[in-house]
Amino acid sequence: MTLQGALPLAILGSSLLPGLIIFFLAEPHRRGRTWLNMAGAVIKVLLVAGALLGVYHGATFEVAVPLVPDYPLLLRLDPLALLFVSLSAVLWLLTTVYAVGYLEGSPNRSRFFGFFSLCVSATVGIAMAGNLFTLFFFYEVLTLSTYPLVVHRETEQSLRAGRIYLAYVMTGSAVLLGAVVWLHALAGPFEFAVSGGAVDHLDAEHRPALLAIFLLMVGGFGVKAALVPMHRWLPAAMVAPAPVSALLHAVAVVKAGAFGIARTVYDVFGAELAHDLGGTTVLAAVAGFTIIYGSLRALQQDDLKRRLAYSTVSQLSYIVLGVSLVGPLATIGGLVHLVHQGIMKITLFFAAGNLAETLHLHKVSELDGVGRRMPWTMAAFTVAAFGMMSAPPLAGFVSEWFLGLGALEGDAPWALAVLLASSLLNAAYFLPVVYRGWFRPRRGPWHENLPRHRLETHPWLLLPPVITAGMVIALGLFAASVWSPLTWVRLIAAQEYPL
Amino acid sequence: MSGAEVPLAYALVGMVVLVRALYALFVRPHLLHKLVAGNLAASGVFLVITYAPDGGPPDPVAQALVLTGIVVSVAVTAYGAALLARLNETSGKPYLEHDHEA
Amino acid sequence: MILALALLPPLLAVALLAAPGMQRRVLTATPWLPLAALPAALAPPPPMELEFLLLGLRLGLEPWAQPLLAATALLWACAGWALRHGGPVSVPRLLAWQLTLAGNLGALMALDEPGFYLFFALLSIAAYGVVVRNRAARGAARTYLAVALFAELLLLAGLMLLALGRPGPTAGVLLLFGLGAKLGMLPLHFPLPPAYAATDAAGAAVFGGGLTMAAVAGWLRFVPQVGTQPELAIYALAAGLAAAFLGAAAGLLQRDSRALLAYSTISQMGIVTAGLGLALAGPAPLVAAPLALFALHHGLTKAALLLGTGAGGPLVLTGLALLSLALAGAPLSGGALAKAWLESMGEGAPALAEMAHGWLPFTSAATALLMARFLWLMRGAATRSGQRGPFAALTVTALAAPWLALLYLHPQPTELVKGWATLWPLLVAAGVLALAWPLRTRIGRWRLPPGDLVVVAAPLGRLLYRAAAAWGSGRPPRLLQLSRFAPRALERHLRGLPGTGVVLFALVLLFAVVLALG
Amino acid sequence: MSGAVASWLLAAPVALPLGAGLIVPLLRRGRSLAALAAGAGVVAAALLLLAVRDPDGAMELAVGGWSPPLGIRWRADLLAITFLLSTAVIALTVALFAALHLPRAEPALAGRLWAPLLFLWSALNALYLSADVFNLYVTLELLTLAAVMLVTLEGERQALDGAMRYLLVALAGSTVYLLGVALLYHATGTLDLTLAAGAVPGAALALMTVGLMAKGALFPLHGWLPPAHAAAPAPGSALLSAVVVKSAFYILLRLWLEAAPDEHAGRMLLAACGTGAVLWGSLLALTQKRLKLLVAYSTVAQLGYLLLVFPLAVGSWSGPAYAGAVWLAVSHGLAKAAMFLAAGTVMHALGHDRIAELRGLAHHAPVTMLTLALAGVTLMGLPPSGGFVAKWLLLSAAFGTGQWFWALVLLAGGLLAAVYTFRVIGAGFGEAALARVPRRAPQWLAFALATAALLAGVVAELPLRQLQEAAP
């Protein structure tokens, strides 16, 4: 096997193997488990860094494992794949650190970390998938390996959440599977096109079928991307432990949906065909509605995590909107938000997790004056929140800037209006949190959950949000630099829309 | 065996026996009835098998089939009888649960 | 390089505030931090590209922007001085102060759209922290922030259109309101008076001086790019003049001196709006300098006045009187010079210009009356030590700076020195005052709540927020419970032998038929 | 290779279990060892058969030198070998499980299990190898007898009742089937499916089909299956659900795809029954209160999937659809066996199998929970399971032949399977003590089967290709 082929497999294995080993590790082996996790995560980051360098210099990494006749398991590292892979890899490393601190002394940790690594592997697999078959393959693995994490606490509430999660997501995948197979029945086996669509060679009488397939596929992915009205599982899934909410329900799972939509539009149908079919128009409308709806619902939540969840619902559709507003600028905006939203949202969830874990604070109305008790956590939260409001110079602003330009470029001023209104709503539901934290005095003593540290909380809990908050600033401030996601996304857009 | 003609009547009778027997197998509540009916039904089929329109030489295959068939059905019936006995002594009545009520 | 240097001190201060125990030192240093911008303002370097920053940040200063930067720096220095001696300052407020300063300086220097938006947004959001210094200030601060955020989005949309190379009436409107909110442009003016009234002298000075100059700079930098927009011009002109007079009128009915000054800002900025309207009306390129000069004069004077509201005492009162005269455009004052220069504007649309110039003197008269009322309110203000120094310093600056700026910007400044033309409006005002004097008690009883519209707008906003937060909070329907549905009866029949028999016969027939037909 | 060895290879799968079955009851101890030895022999033989088969043309053996039509002819083509091998793997694992599990769980049964189990196995192998319809009848009868014996082992009322029900329905079914055979013989003068190909009269086909449906518990003749399978001891129900019921499908496959290639209307009807099975079976699985009944009904549903192959295996798609169906049968067999073995462990651990009271399993028998979950993945047809690749092929055929409604059935069935599987998984979470802590080794055996079902999706490429080529 050549290096070209080995690298994708190695990237996949770096989380898969530790995960499988951890399953069979007895509960007390804390050290071994942590060591395995960290080693896997670090190795993955290094491998991905290598891949980035390689692809940047034009190398191609690809490997095919035969699975079904004519439908191999195809792993390929193209720029779009790497965008998602590197996001997952970096955030996995941080979340692992966080999770180790978070689950200190709680039961079933082997099960937790085992499935956690499995989820990450599945996500990476989705990212690297070179054809629809592979994409669906890992998409389903992700679906299943997430369930045990949702129900991890094993309370009645979490089991119910698990049921809801499955009900929505499995239905979505059934629809997706049908659509994918239907498409292959029309077009035969194909890989993702490097530029343009893979099925745009089909002749005109297939148009109606293609539109139907497009909508079904987008609908199928849309469940994980939490497009309204298929979003309800996400807030329900918030009963999961904070690391899960942080990595999976803010990044991996939901992004898998958004990423799938991006693949569908760009590399399966091709932006042009998708646009001509009228599919993207429908998609854009749904995304726009979701953006506003999600923000409004977020406004209603007093439970911090639920508020964040609805905010995720809204923010994810930024990506979908960017993808569906066909055009280079919108593409840049949407895809770069894939990264930016992930980092901002994970920061928020880390922070929320810290509040809950350290001081047993779950509701927005309980946060008065917490800024004095946990300044670093609240600072991280504040930075990310302002990022979500797309305030410059934070990451969110860069996304919004290009999305807005894209909306105008695509003659969809309504989309710009939606984005701006959403920013306003984001302010409406994030600022109260920030305000209570910093400007309101706390009445009464804190309910201390953890043994008091010299720091405001367990260092493993504190480090990740601070780092990601730093990234939120850096990604915005240095957006124009060579190593920013923005530059990378520009590369992709140039590939999709050769001028 | 002489090459006597086996008229269609045999086959028809066989059919009738089969249908009637199957009916009994399904509807008669007593398990003994059911088993005997099952055996009869098989015999009906054997009649159908032996049907040979034109006299001609006897068909060894058909005879082989019937012979084997008889063996098999006897075995099955015997086992069924044994089972019935056990069922009868455990449950006290030679009927199937929940069937045939109302 | 020195451009970027101007921004460093406040940002460093922000970083330092994170370290425990540094607050005290940062507060001490606060007055000196803005002065780092002076070199950039006085020795303007060529524009600099920081292409790795944000979306490729471009810093630079047009000639007219240099005096504005210098003035802003001095203003912030004095305000900072006042802040330092104005009693305890909470850490969040100090933080907000530094961020606002950074935003203010940056907005004056950023040439590219995203960059300008960055600093302007920083300015207007952080300013919230400057206003909200105690419980009493919360309401005013919230109203300010709500409108500010809304305006930010308009501004963003406008800048996007420019960045995309699609200037036009839409972009014009968006920019006009997006920036105009800071200038009390109707109808977005209502947050200003409560905000001025709620914060302390130092904070108000920043609002009245720093924010206005930054916003005007934004106008002068970006609005010209939308080209000639006659309709927009008419609106701007009308809105400007309306603000000029209504602002003054509303100000007369105020009890709180700072709220009054806020209305004066609304009125004065109305003049700038009208000037911008003239610029939009005709094909002639916008001459930014006069408006810049006016903004500078108003900014410094207004800031000084606001600082004065925190000081008090007879000496201060005289200073306030001088400043008031300047604001009213008394002969040889900065105001007079600026207005005189404004007269030269609008050759693109003579008719409009005619009309505008006709009204201009009366704005001075209105201002004069307003300032008289202000002095009347201030007459018994208690002396507060520690606030005099910054007031004095800023007053001197405010009276001198316009001259220096004019010397720098105008080829023949002497042209603008006018005598009678600037004097008679004051006399008119004096006359009106004399006539109204007997009625002073009655008029004194009339009053308008600070931020007129706010009494409607704020409750309306709260109502909307509540409605949004309450809407549809009922739980969505649960999933269909399949397990409820139990087709056991039918299954029992299928299990029973009779049922099986029926099915078996039926199937045989069915298959036979189908196979016979198919 | 020489004919002698070939004939030995063909005879071994039938002879070994049969012989062992006859000997074992006479042994005083070491019964399980003998049985396992015979089982290992069968596995080896099956593997050898696979290794030495020549891709074009099947290996044949005229039993006792008599040639058809009078004699018995055995034939091992790829389909037969596939079923032989999968059955062998499943049966051997089940036997191992029985050897490890029963002595502790149900000592009374430990000895009495082997004879019926081995006869069953032998009859199954004979059935796979038989090429003519009458032999199939005989093997089916023997199979039924052995199966009924397995059901009766527990010996209490439900078991005997279920067994009797099974016996009677099977008896009726085989009689009807035999009538079909008679008609076939009169019409074509032959009993060999390959010789009768294309000339099977409709009536005969109808009778044989319905008879087989009764024996194979294909909807709507499935009524006897749940009570019977649920009443048998774990190893028994595992074999019954995993392989025995599929023997009927195996014959249907040969009957419709080899002997009656162009009966499209009839195929539609079969698929319609399959649809009924999928929906009805899943629905009842949802309503069950006992784990074993739930698993049994899921078998009813899964058998329905298999029937969908008949309308799909047409034209250029016959290859993929055929391969898919066979692979579905194989992976479902593995998964279902795993599930029933796991159910056995549950029974042992809790003393009951009421779904509502499975709490604590996730903690104290995690391997068993994982087994149920993995097996469930195969039933749902999700990657990376064998069920998934099979479903992929069937779906492709459905869309490729423009029969998207069968695709809907496939997808809906997967969803329903998910619902009832996760009903069980969800119930297993939460903290509670178990009546007995089950032994580890048997659990790992069940787990191995479930994993095999999962891996059946990863290693599928080669076998699927070969099956496609071997498709009739």
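As written, the chain order gives the labels A, B, C and D, with residue 1 at the start of each chain.
Everything below uses one rule, namely that a contact is a pair of C-beta atoms (placed from the backbone, for glycine too) under 8 Å apart; a residue touches a chain by one contact, two chains touch by 3 or more.
None of these values were measured; they are calculated from a predicted model.
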If a chain touches subunit B and subunit C alike, it appears here: D
Most centrally placed chain, judged by C-alpha centres: A
Averaged-CA centre spacing for the pair subunit D and subunit C, given as whole angstrom: 78
Distance between the centres, which are taken as Cα means, of subunit D and subunit B, whole angstrom: 28
Geometric centre distance via CA averages, subunit B-subunit A, whole Å: 68
Distance from subunit C to subunit A - Cα centre to Cα centre, in angstrom: 37
Shared interface positions of subunit B, touching two or more other chains: 22, 25-26, 34, 96
Junction residues of subunit D - those touching two or more other chains: 165, 168, 172, 176, 419
Interface hub residues of subunit A, defined as touching at least two other chains: 163, 167
Full enumeration of touching chain pairs: A-C, A-D, B-C, B-D, C-D
Contact footprint of subunit B on subunit C as seen in their complex: 492, 495-498, 500-502, 504-505
Contact set on subunit B toward subunit D in their complex: 18, 22, 25-26, 31, 34-35, 38, 41-42, 44-45, 48-49, 51, 60-62, 64-65, 68-69, 72, 75-76, 79-80, 83-84, 86-87, 90-91, 96-97
Touching residues on subunit A, where the partner in the complex is subunit D: 66-69, 71, 108, 111, 133, 136-138, 140-141, 143-144, 147, 151, 154, 159, 162-163, 166-167, 170-171, 173-175, 177-178, 181-182, 184-186
Residues of subunit C defined as touching subunit D within the complex: 482-483, 485-488, 491, 494-497, 499-501, 503-504, 507-508, 510-512, 514-518
Subunit C-touching residues of subunit B, taken from the complex the two chains share: 22-23, 25-27, 34, 96, 98-100
